[in-house]
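Here come two complexes built around subunit A, the first alongside subunit B, the second alongside subunit C.
Coming up: the complex of A and B.
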């Protein structure tokens, strides 16, 4: 892991610990702010990195771009598995999610895990939004360090 | 129809992600606190927490020995900037006593894409750097003060981070032992 990656990991950890206060009453709200933070980063990042790429037409193509190029830039690896029902539901599975890889290998600390994935949910949502895809992104964690992101594309009427 | 695989510049995306994420947290702090001074303090605190842990990473990577004087420390700090942020600040303006110096940046990666609105001139946007330096020096038993003497965001030509050595921290005797 290069020095610059360490820096980002530390900043991320620091942001999470700032955002999510100990009292459980406000946690949902804190997570939503954290998600929004990720959203605005994802949105802007896509704006920057796709400006020289040609236009993507299909939804699946965009999702593939997220899983390969985008993921390997941000998380240093590709998504391990992408599944879809072809009706707007996609599941991205990362077997060694970057923010979990230093946390735990198993089910210990599972309760604390979601807050470390929330930023990424927002990042994906923001990225897709800027591609013109409105979506809802949720995360499912069974054992760390693997992680599944569920993307639910909102059909435009 | 298959698309030619698009190659992104990993390093660039990486540093932009860092810059944007930092920007997002600063703007969140501006929303959370009414007072700009509190934002500066919070940024400093976050930097401190990062610095405390980052110095471990730095020492593990570089295998560096203890510094004998502040000049050596300055060189190491310069090297750390190169490693973590990819910039090499110049070491300038040494005080006569040799206990103060400046790091001068031509460009600051944290402030790429950033402009300060006029009413936020008191915001120390990159204050996280001060905190990080203070935290990491404290872990190697040096008490230092850091502040921005010049800032490009405020119209100065360069960004100048001033560092002052206060004192050596001695190992304290654990409580209850004499």
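Coming up: the complex of A and C.
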């Protein structure tokens, strides 16, 4: 792992602990601020990494792009598994999620885990938003370091 | 070769971690007390070695040996101290300790933000990785 990756990891961890203090009573609000940080990062990032790509049309293709190019840009690896019900629900599974890989390989720290995935939820939502896809992204963690992101696309009717 | 046990201390002398593999004889006191005694002895040896040295001591205290076991000491620049007890015939323990510091301690303690600095290590992952690392070393050095 290069020095700049470590810097990103450390900065991310500090932002998380700054945003979500342990005794905080407003944890939901804190998390939503953190999610918004991710949202604007994702929104801007997608602008930068798609500048040389042709326009995507299909929703699925865009999701595939998120799983491959976008994920390797941020996390230096691809998403391990992408599943969909073809009705606007997608599940992205990363079996070795970067922010969990040093934390635990079981259920220790499970209570603290969601706050380390919130930024990424925002990142995905922001990226999709800039493609014109409004969505809700939630996270499911059972056994670390694996992590599942549920994407619920809001139908624009 | 056999590795008996390891102590990890921080700069202030707090016992961060203790683990043993094959230790046949117990000291007959609590872990905390034993750790205090161990740290006190290391502290004394360190200053003794520095004072008595005829030249600039450079790396200072490295290890001591009895007829039954050898104690190896490695201190990082930040003052984290690794103490490893092995049998007397083991070589290159310094490299092993340096690698342990770099690959296990830094990776799974420093980079784990749920681990508070200066507090005993409770991470399960660290425990697993340390155990794996030592067992692998024992295997390769045999």
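In this text, the second predicted complex is superposed on the first by the 156 of 157 C-alpha atoms of A that agree within 3 Å, B and C clash if a C-alpha of one lies under 4 Å from a C-alpha of the other, contacts with A are read in each partner's own complex, and residues count from 1 in each chain.
The criterion applied here is as follows: a contact is a pair of C-beta atoms (placed from the backbone, for glycine too) under 8 Å apart; a residue touches a chain by one contact, two chains touch by 3 or more.
Treat the numbers as computed from the prediction; the structure is a model and nothing was measured.
Asks: Taking the superposition as given, does A:6 touch the first partner, subunit B, the second, subunit C, both, or neither?
Replies: both
Asks: Considering only the touch criterion stated at the top, classify A:74 as touching first (subunit B), second (subunit C), both, or neither.
Replies: Once the two structures are laid over each other on A, A:74 reaches subunit B alone.
Asks: Touching A:53 in the superposition: subunit B (first), subunit C (second), both, neither?
Replies: It touches subunit B, and subunit C stays clear.
Asks: Applying the touch criterion given at the start, work out whether A:63 contacts subunit B, subunit C, both or neither, answering first, second, both or neither.
Replies: A:63: touches no partner chain.
Asks: A:112 in the overlay: touching subunit B, subunit C, both, or neither? Say first, second, both or neither.
Replies: Only subunit C is touched by A:112; subunit B is not.
Asks: Based on the superposed arrangement, let me know which partner A:121 touches: subunit B (first), subunit C (second), both, or neither?
Replies: neither
Asks: Who does A:104 touch here: subunit B (first), subunit C (second), both, or neither?
Replies: Touch partner of A:104: subunit C, not subunit B.
Asks: Tell me the contact category for A:31 with respect to subunit B and subunit C: first, second, both or neither.
Replies: neither
Asks: Counting residues of subunit A in contact, which comes out ahead: subunit B or subunit C?
Replies: B
Asks: For A:16 in the superposed arrangement: first (subunit B), second (subunit C), both or neither?
Replies: After superposing on A, A:16 lies in contact with subunit C but is clear of subunit B.
Asks: Kindly list the residues of subunit A that each of subunit B and subunit C touches, one partner per complex.
Replies: Residues 6, 10, 14, 17 of subunit A touch both subunit B and subunit C.
Asks: Mind pulling up the subunit B residues that touch subunit A in the complex?
Replies: 3, 5-8, 10-11, 13-18, 20-22, 24-25, 28, 42, 46, 49-50, 53-54, 57, 61, 83-86
Asks: Which subunit C residues qualify as touching subunit A in the complex?
Replies: Residues of subunit C touching subunit A: 107-108, 111-114, 123-125, 128.
Asks: Using the touch definition up top, name the residues of subunit A that touch subunit B in the complex.
Replies: 3-8, 10-12, 14-15, 17-19, 33, 37, 40-41, 44-45, 48-49, 53, 61, 65, 68-70, 72-74
Asks: Which of the residues in subunit A come into contact with subunit C in the complex?
Replies: 6, 9-10, 13-14, 16-17, 102-106, 108-109, 112
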